[in-house]
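Data first, discussion second: the structure below is written as structure tokens.
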């Protein structure tokens, strides 16, 4: 008994590291008292490093911990993205303004709490654990979005996120209860059996249960990944939240949402979508949603003037690109079964490229806000010349986001397009290509503001409001180097991704 | 025996939910909401979920209603801001469609169940607790962290800052 | 004879009412109450399903009930955080109407 307990706990090492980090940070905050922010932050980074280390040492042999959490290459992949993103966000939260000094020490535990929820969310295949993980992630995100309570925008963002998030989780919970009624189980593979049975043997009423339950569950997931039509919270929340929180929401939260969405689709619906032509239309629904999501995000982004808001719409657009991969998975048929794996691989690869470039882009936005108080496109004019390193990094991240060589984003887009064409969704690929052209336009607007506009007189007139700390420079430059490096040698990532899909 | 109680509690649940949604005064809404939850607790007892019935009453009546009332008092609503439900025909239509679809699903799900099964399940607290603390121990721990995060969040957000 | 479907109709009806409340009330506190009612309706469905579940090897595990336990805990935490953000915001604004908060419209 104790031996099995030990092995179960060993499987959960990264989560235990994160839990320990939360508790240590809380206690330290009380012990150190004034000026505790730095100490607490350093310990937080050490804890996140420990979790990363424990994660990387996990064997790729699948283990089930406590019958609830499956530790496999898939969950290791997603948790690696989430935990490392948390580390970078934590670093940025420490070095940049945005989080007030007096609450900076409490910010760390919330951030790590969100990461812990996200880790549990992507590794579980049990609905109870899924709900608890998702709520842990959401609750910490709500609090963090409203963190700057002195600023009305931030408090509004927190409230808006919470009200709509609670509504989405209410709908999702009702969907779960219907799935439970159908299958008598909270375990995804058993639910998959019951759903398949209800679909193939049942009458119209049984079909209706499956459709309603699935729709409600997808509302919950769609909210997390900000897919159309559940995207409406994203721009305001991304704009109003402190920027480190925005980058956490755009990267870790969205990654976790896709992690659980893909696992759910893969476990519950794939047998059905592959075997039956009828439910194959489910894939077309997702394809249409993907097309609308990316078009909406890109077209609206063109009109934006505030950089954070622009990046928020671009993040909606990227959710659309990622949904293309889900559409590929669900439109694959018997004679094209390999497309499932290809679709999944392309999503995972795109997530990696999105992760690096988005963390970097928000980091650059933080740096400019910190140094010059720049928030809008006009504020950005000529800034590239006054902080050339950050400006150059920003250009590299934007190159990756739009999918131009030599950045990793190009490879991600290429894989997605290839996957989309392989299942015959040519129209979706065309729409995505048109979208990339639109995206090029507004990303170029940022680049133009940075380097092509503004004269030297104007720059000298800029009131410098602070410095960009060395650590921030370092982290952004490292991310930019990764963007280019992996854009040229993507084999390592490709290998990692295909291992995760197995 | 179940029948009159089902209609009593079920009717009360629907009635109080309607009142919660339609009355103007938020204080009244909060009280009606609790009555609706109390009726739900009665239904839980009918369904042999004794522990959940107790928790429902304790958490909702003991904690959540107090919280709601406290906040309503704290915000100190002016009376001219009180407004009832604005009935939007489009939303009513949407809700009606949703319920109609749900009806189609439920009638099938309900009919598929053999009424004899009703007596095989005993929802005693002992059984629930055993399941909770063996199979579901990880979510239980995660919920404890979630509550910790909620405490920390409320403390940070509610604390008056020095310059405010 | 009361059967599963009666409970499900009740749950569905209350869920729909809660959803209407969320959509149509403009007061944040009332919107939150609507969300609570939706969660509560889902809880009722879970417990009813649990009661009428087909036994496997002669036993029915109380999965639905345990799920409800977690839902209640989560809902309580969510309400606490929601109300504290509302208080922090509306101490400043003197209103709780969703419409008065510029960023909070549908």
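All chains are identified by letter, namely A, B and C, in their written order; residue positions are counted from 1 within each chain.
Note that a residue touches a chain if its C-beta (ideal position, glycine included) is under 8 Å from a C-beta of that chain, and two chains touch if they have at least 3 such contacts.
Given the structure is predicted, the values throughout are model-derived calculations rather than measurements.
Colleague: Can you tell me which chain lies farthest from chain A, using the average of the Cα atoms as each chain's centre?
Modeller: Here the answer is chain B, farthest from chain A.
Colleague: Once you count every C-beta pair in contact for both, which comes out on top, B-C or A-B?
Modeller: More contacting C-beta pairs are found at B-C.
Colleague: How many angstrom lie between the CA centroids of chain A and chain C, rounded to a whole number?
Modeller: 26
Colleague: List the centre-to-centre spacing of chain B and chain C in whole Å, with centres computed as mean CA coordinates.
Modeller: Computed value for the inter-centroid distance: 5 Å.
Colleague: Counting in whole Å, what is the centre-to-centre distance of chain A and chain B, each centre being its mean C-alpha position?
Modeller: 31
Colleague: Two or more other chains in contact with one residue: find those residues in chain A.
Modeller: Residue numbers touching two or more other chains: 128, 132, 135, 139, 142-143, 146, 149, 158, 178, 181.
Colleague: Touching two or more other chains, which residues of chain B qualify?
Modeller: If we look for residues of chain B contacting two or more partner chains, we find 102, 107, 109, 135-136, 139, 143, 146, 149-150, 153, 157.
Colleague: Hunt down the residues of chain C that sit against at least two other chains at once, touch-wise.
Modeller: Only 8, 15, 18, 32, 53-54, 63, 66, 70, 74, 77-78, 81, 85-86, 88 qualify.
Colleague: With touch defined as at the start, can you tell me which chain C residues reach chain B in the complex?
Modeller: Interface residues on the chain C side: 1-10, 12-21, 23-27, 29-30, 32-34, 36-37, 40, 43-44, 47-48, 50-55, 58, 60-63, 65-66, 68-70, 72-81, 83-88, 90-91, 94-97.
Colleague: In their shared complex, at which residues does chain A touch chain B?
Modeller: 12, 19, 22, 26, 65-69, 100, 102-103, 106, 109-110, 113, 116-117, 120, 128-129, 132-133, 135-136, 139-140, 142-143, 146-147, 149-150, 158, 178, 181-182, 202-206, 208-209, 212
Colleague: List the residues on chain A that touch chain C in their complex, please.
Modeller: By the definition above, chain A touches chain C via 127-128, 131-132, 135, 139, 142-143, 146, 149, 152-153, 155-160, 162-163, 166-167, 170-171, 173-174, 176-178, 180-181, 184-186, 232, 236, 240.
Colleague: State the interface residues of chain B toward chain C in the complex, per the touch definition above.
Modeller: Per the touch definition, chain B meets chain C at residues 2-3, 6, 10, 13-14, 17-18, 20-21, 26, 29-30, 33, 36-37, 40, 43-44, 46-49, 51-52, 55-56, 59-60, 63-64, 67-68, 71-72, 74-75, 77-78, 81, 83, 85-88, 91-92, 94-95, 98-99, 102-103, 106-107, 109-111, 113, 115, 117-118, 120-121, 123, 127-128, 131-132, 135-136, 139, 143, 146-147, 149-150, 153-154, 157-158.
Colleague: For the complex, give me every residue of chain B touching chain A.
Modeller: Residues in contact with chain A: 101-102, 104-105, 107-109, 135-139, 142-143, 145-146, 148-150, 152-153, 155-157, 161-162, 164.
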